[in-house]
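For reference, the structure I am asking about is given below.
Just so it is clear, A, B, C and D label the chains in written order, and each chain counts residues from 1 on its own.
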Amino acid sequence: MDRTTMDPSLEARLRGIQLLLCDVDGILTDAAVFVGAAGEFKRFNILDGLGLALLRREGVKVGWISNRPSEATRLRAEELKVDFLHQQPGDKTEAARQMLAQTGLTPGQTCYMGDDIVDVGLLRMVGLAVSVPNGRPEAKAAAHYVTDAAGGDGAVREIVELILKAKNRWIPLMDDYARHGSR
Amino acid sequence: MDRTTMDPSLEARLRGIQLLLCDVDGILTDAAVFVGAAGEFKRFNILDGLGLALLRREGVKVGWISNRPSEATRLRAEELKVDFLHQQPGDKTEAARQMLAQTGLTPGQTCYMGDDIVDVGLLRMVGLAVSVPNGRPEAKAAAHYVTDAAGGDGAVREIVELILKAKNRWIPLMDDYARHGSR
Amino acid sequence: MDRTTMDPSLEARLRGIQLLLCDVDGILTDAAVFVGAAGEFKRFNILDGLGLALLRREGVKVGWISNRPSEATRLRAEELKVDFLHQQPGDKTEAARQMLAQTGLTPGQTCYMGDDIVDVGLLRMVGLAVSVPNGRPEAKAAAHYVTDAAGGDGAVREIVELILKAKNRWIPLMDDYARHGSR
Amino acid sequence: MDRTTMDPSLEARLRGIQLLLCDVDGILTDAAVFVGAAGEFKRFNILDGLGLALLRREGVKVGWISNRPSEATRLRAEELKVDFLHQQPGDKTEAARQMLAQTGLTPGQTCYMGDDIVDVGLLRMVGLAVSVPNGRPEAKAAAHYVTDAAGGDGAVREIVELILKAKNRWIPLMDDYARHGSR
């Protein structure tokens, strides 16, 4: 989305985000799970990983909320030093409320990205609800914004950049990279 | 498919389904098998998994019928608590008849999803025969309905939702999710 | 390809095939190799596997010729009971000549499927040279026929069906399946 | 790109290349990482592998520069006998300068392929900067050339062929293959 044409209310929502919560399957992956005798694999995306690192560096907290426990997810969350990881069946809004209680943040300061019917309740609770092109119609209908990139192909990176741009932090970050390669 | 434009005979077929049988490769996956020294992997879809869980919760039985034994398939079937799993070479209609005998259901109450020439016999036997866009022409020709979603990318979820909608069970399920996040 | 519009010389070439030779990477796969500490994986296709089984059942021999040794390839070849497997660097035409010597067949009775520059010599040697949409221009230029399906997504199955149809063996096979589910 | 219509300045840049440096994730892969308890996998491409072998045979050095250490990358680099492998966080231009010092080559003789913001500094430093269709806008803006093929689907092979063609080495190589199958 071209920021010059961005809905002003979307930009206001993005600017206030202090916590990014993501569903895992279908958001951080393409909803595929690779099953075999040697355990299960999930296909995560390096672009999303760098995006989440940039976001945390700017002080925005990150949490992942899934109803399906998976060692693959735990390993990737650990590598990315995600602030919160919840992997259990049950109401996702409860898991989110616990994370909010620990951070002292409000639902209005929270963005949630979800793709399926189990995500609708939490999508309705947060200040910025995001879904993906590959999401189910119910999740898309509950979203303020649907990403251009599909889940697992940079949807999370897209939101990270929109948040950092709305906070006027993207250009300084790029200047930093141009000067030092990385920080 | 927009339900308001759905063929009335298709809706009648969907409404009567009490048993959903699926081929595995090409239906629950994209027909790929990942082969290596550490065993074999298959790419299943989380959307299909939730769909099958919803269907079983509503009392519809689920069976998978493949001609190729695979530990990857067994593991995924076990996770999803599929009612029947048949993985052997041979006539698939025989396997289906055994499942029908155990449940007391009829072929007319059965939906079968298949993509290849080995599926044609069973597709012709059941009340609702379904194939996928990536299916072989012989399987598609024997089908009452070809899904929009490809095998491994939500074809099974699509059929599950059509069945639950035809039974007028989808809206109550969604209301439940909206209230409780999950059941 | 619609057989009613098929080039008559292509049909003559197909009819005479008694040996199907395939490159592995890019033909039986999409040219991807999944590398990790637990070994390497390749993404084979179940549709191709059934096609090769049908072909061997009709008396056509099958050989795979690759310049890169891979345990993943060996395991898949073993499962499919491929008649010949050659996995070594070097001239592929030599490997093919050894297979021809063992079978008493001629280059004119041989189909070879290849996608890269190392395949051009062998493509030029055989009676029916086939490449894939994802093939390099040099391989496609040396081919009598380029499949509709990409490597790893059914290209081999497509050729198998064309061969069996040209031999008037496809309809009897389908009748058999319709009656018995499988043989 | 059709060489007859190639920008003459691009052809001059290609002709002078003596060192090809590549980012890994997003360039040699599609930016996906497959995570599981049995370690991590990356999806490399056999076409790229043969391309890099051809390039090294013609005396052009090859180096990979990533900010994320990965055993999968190390294994693939080892198989392809890549001249330099750098896998550490930090400024990529420093890593490149060390490789240049060891070879006695200049930035002008260097091609770098990168897809993300961490690549911009090095893209600006080299004589030929290349990005991919799936690259981030910042990387593409810093590139002299954006490949037709996506990362992991032959982007590196595309550049290798352009370099060898600009050096008038492609036709001799093809003649060699046509005569001997391989060298």
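Quick notes on this one:
Convention: a contact is a pair of C-beta atoms (placed from the backbone, for glycine too) under 8 Å apart; a residue touches a chain by one contact, two chains touch by 3 or more.
In this text, all values refer to a predicted model and were calculated from it rather than measured experimentally.
In this structure subunit A contacts its sequence twin subunit B using mostly different residue numbers, the overlap staying below half. If you average the CA atoms of subunit B and of subunit C, the two centres end up 31 Å from each other.
If you average the Cα atoms of subunit B and of subunit D, the two centres end up 44 Å apart.
Residues of subunit A in contact with at least two other chains: 34, 38, 41.
If you draw each protein chain as a dot and join the dots that touch, you get one closed loop, with every dot joined to exactly two others.
Here the chains touching each other pair up as A-B, A-D, B-C, C-D.
Interface residues of subunit A facing subunit B in the complex, by the touch rule stated above, are 25-26, 31-38, 41, 67-68, 89-94, 116-118, 120-122, 124, 136, 138. Across the complex, subunit D meets subunit C through its residues 34, 38-47, 49-50, 71-72, 75-76, 79, 152, 154, 173-174, 177-182.
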